[in-house]
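Below: the structure, in structure tokens.
Residue numbering begins at 1 within each chain, and the chains themselves are lettered A, B, C and D in the order written.
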């Protein structure tokens, strides 16, 4: 029973509330010998840090990571290396303005977990959404940095896991202009420079209107071998679906062709295979790099849709915990498009799933 | 590490290959006292049984279930009741025509798990796809029947979990004509009689052309209380995503508005709440009945896209296990639209997830 | 939550009741490529089969195993080999004399699980003890045969896991006469021929008196490398303690010096290390081959105490399910010393724990 | 795969090394609404704190607990209450004298995990034993305090879990003088004042000689209902065996009569049942309160043997990591009888197991 833990071999447990003293994660099962520094974790956290542009929440959290266990360094280890013991990472919360949330103490924000947490637990930490806050995803990103280090240890520096935004509101990127080099040149992880400009306008308009936009995030893992994953209830795609759908505000997950596969014929959909350079080469990738729940060696491609945040300035009809009808305006400091900051979270989740399957595969099949 | 098991409290393990002597499942964690008969399991299995119309595989499997453990009956139990011990269900395989598969012994069918199983395990049971065959889903349906019995035991006879096909190939149903009463009147689980006729033509054309069509399945759970699910890594929607994506040929999962949520604004997306008959009443259901990973008490709504089967009569380019380029035509007896038979499987998976969360919630929160 | 499953990587699930139609096990996680035949499983089962001498229950079960999944054979596999898919083994129950048990339908046998099952579940399958019967251990022995095959696949034919009885009632073996070659020469798995004769008399006396004797079983694994096990909550000794204590009637588990370690000084207890033939060599084995939860490469040595069965002919005071005081005589066909048949069960459990840790170690540490 | 986590429903994860910056635990699955304060956790920690008498290690750790998540307080909660979110507890390490351990950087201390950690992981944090240090048990005690709070929330203030030392070296207590009131009156948790004096002398002699003594700890849970536990692989006694054997230096675990059960006859061993005050009353407790893996409602009684620490001043023969034979004297600050400080750890482990089974039972059986 793993309510706050995921993974079979590479197990990530996160803890902490938005406005508690700290949040953090434990990564259990990281193989020994992996180079892991606080700086590498920090670099990952900096990518999803709040307060970096006007398009993300203005909460100012330094998100400074402390690496508390699981690594060791002496003159034999050539820098800090994992020991096989659990890696504990702690991130202090600094900028909690709990007073912003007095209004939601009794009222349920539509589209938020306020109502369901009360229904389940009978009480809830309403400050900043408590455990349901997207702040929890900082701990995922820290765990993802450990996963990435483990994957490079196992497969070499050439493997990569990247993410981008491919749709904001109704605006999709133009696949013909897709360029990974663009994603760090705009504040949206947009791989298409021209679309990034359109998004800027759309998001500015939404922000000014006190509204919000949904988005679609795409994550891609490259350079991984065939054979990762497992049949039936440990399918790589099912695990990715779980991992991405567990991200706050996610409402759909696609692998490869995704929903569009439904409209294809069998001839169109099946990815034919040739040999190239002595290795199997697929002529297309509708499968998203996964067949029968196991990787094919192609790029592993997944997407998830993120709903527009419900923290908007337009008054919405709701009820309070006493069963009274009322209205609510969610102030506070929120992202007009939470999908933007979901990109590094999606990357982290994919890295964790792959690290998990890498170890599982090695355990079961010895490679 | 649960490769062939899923669920935390209501744990389902399946075993068996397409052309082995039998397949089956173990359900561990079913609460004691649930009325459970072989006949109820058989009724569920009959819904996905092959050989029932020309639109499904012509393999003729009686799919006769034997209930081997976990139930007990004497004059105090008023019929067979579960005892809390594991429920073992066995289904003999009868109609295995293994000779049909000699051609795929060495060749990898594009879009199938042949290549990836070999890459992972170094050997595979190629007869009928072995463990990767959709035949495994019969065991899921049997487990789903146990889950449904458990849910009715816990919540009463009024809860329901239903499924239908809402898209076949490019043809979607008309939501205005949606009628659950229609689904058993056509061979496609189509809730829209007019669309069912269009599908019949489309599928007949595909079948004659040796082609295949994809589909979208929708599953809906009604009558369940708020509070099922859990935060972060046991979210109800994440578990549903895992469960549905684990079904053979699934390529995408949506909850509520799904992918479309990306194009909505915050105002449009958030489901406002009023009181009706003394209970919270949501004015829309973009959330698909789930907020923060926990049920709201509304209908729980999910969809999954099923790719067109790759078992088609058109020759496709592929390679064999020796790295030689070749072509393949997949004969055998296949469904022209595997999405049709995926409907009862989706229902079973949703039932299992809900049974699991019902017990988890009772354990953690006592209700 | 694994109520009827144990193991992390090599996962064993058992099912079935003493007087149901069958019992069985699923082994999930066995690595691919392991030679596994029905005959090997049968040979293991024959060692704990009832009805073989007057010192064990007279129930006559052929305990014929059917291997239903997870193995495959063609001209490339050189006999049946595991495929990585779950191994399902079924054993039909044949000789259920349920009428023997009418008396215990309402009365609770002291020392049995009758009372506690009713307290927990509200109903129980009282025929032959249902799920609490030692008959369940046949499924464990079948799983143990798979584990042994996996271990020989991983480490070679020289590894061994053996068991013997070292105490029956108050009578202990003489360690100076310990000889593994003796254990198959008497019906008690006694490694000391002289003591075996004393046991024969003692057991015959107990059997005639309608009484029963306790015993101590010792299990030893030889030839396994250092490094198996893991810190803290996956310690090899803790897992062995769990596995052996889960055997019916077990009341204590010892590793190495066991309880006697309490009376030693630090100087006496710590096993000193020298080099021999270029490898670490321990001068004693109070540790039982395990330090810090991880194997040292020495013999792994564990013992468990088995209480005398409570199924005796002397009337005992008890109550019935209606809260009435009464007396009970347990007839039926029982072992006068259940410890005898517990030997192959202990061996099987140790094999399963080692197979589990072998795969876990390979997954985490790559070796 | 839970290497640093245990429990099914009440899940405890510990992390941290002896000489790292901190250690801690995450408790996931604690039910909502439990009163839990930092002070309660601190009170538990103070019971195993080092540096309190000359009979325990002179390392001076304040063991100050910080409660970082999972509790919430406002005017509705009447003090801090758990929310159902994971409880994170952090304990800073203060008094790490790593220089004491330079000698063991390359040499393997006999009876310690030095050799096996190197064999498994290839590198290890040798400072103070790293992860294998008994310091990890502070995190267990913190988790045990959460478990105890949860158990009192579930069953009322009358339930208790207590522990004592019943043997030190070869010296056993006199059961006729057993008095729980004595355990806090001497530095050994000894329930027999006269024996405590003998132990004082024996331990003083051992300490002066640079030697160490083993011990036997007894833990007893009172006031718990019948029905906790589960069959086969979640037996209450098997879980207790795992939990106690996972404690550093434990070499044996007994339930009820334990090893002595082997020498009893069936008549002597089975606990007869009468009715008293309208409830089942057992006339003895050889079972240790557990039948068939499920609690009977009697006291739950377990013992574990703790070996004498291998950190002694007598030089011992060993090898170093380069395969050279050498000698070692373990200096540092060690307990002459680690069994003393193992008492609160045993209590904590039993509390965690019971909390786990309480929730599991409620989930599966609804009570």
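Structure notes:
Note that contacts are C-beta pairs under 8 Å (C-beta built on N, C-alpha and C of every residue); 3 or more make two chains touch, one makes a residue touch a chain.
Source: prediction; values computed, not measured.
Identification of common neighbours of chain A and chain B yields C, D.
Distance between Cα centroids is largest for the pairing of chain A with C.
Chain pair with the larger contact count among A-D and A-C is A-D, by C-beta pairs in contact. One finds 45 Å separating the Cα centroids of chain A and chain C. Inter-chain centre distance (chain C to chain D, centres taken as mean C-alpha positions): 27 Å. Between the CA-based centres of chain A and chain D the separation comes to 38 Å, rounded to the whole angstrom. The set of chain A residues touching two or more other chains comprises 1-5, 8-9, 14, 29, 32, 84-85, 120-122, 131, 231, 360, 363-365.
Remark: chain C residues 1-5, 8-9, 11, 13-17, 20-24, 26, 28-29, 32-33, 66, 68-70, 72, 74, 76-77, 81, 83-88, 90, 105, 120-125, 130-131 touch chain B in the complex.
Residue ranges on chain D touching chain C, taken from their complex, read 1-6, 8-9, 14, 108-113, 115-117, 119-122, 131-132, 136, 167-170, 206, 211-216, 225-235, 237-246, 250-275, 278, 280, 283, 286-288, 290-297, 305-312, 314, 316-319, 323-325, 339, 360-361, 363-365.
On chain D, the positions that touch chain B within their shared complex are 1, 9, 29, 31-32, 84-85, 231, 359-360, 362-366.
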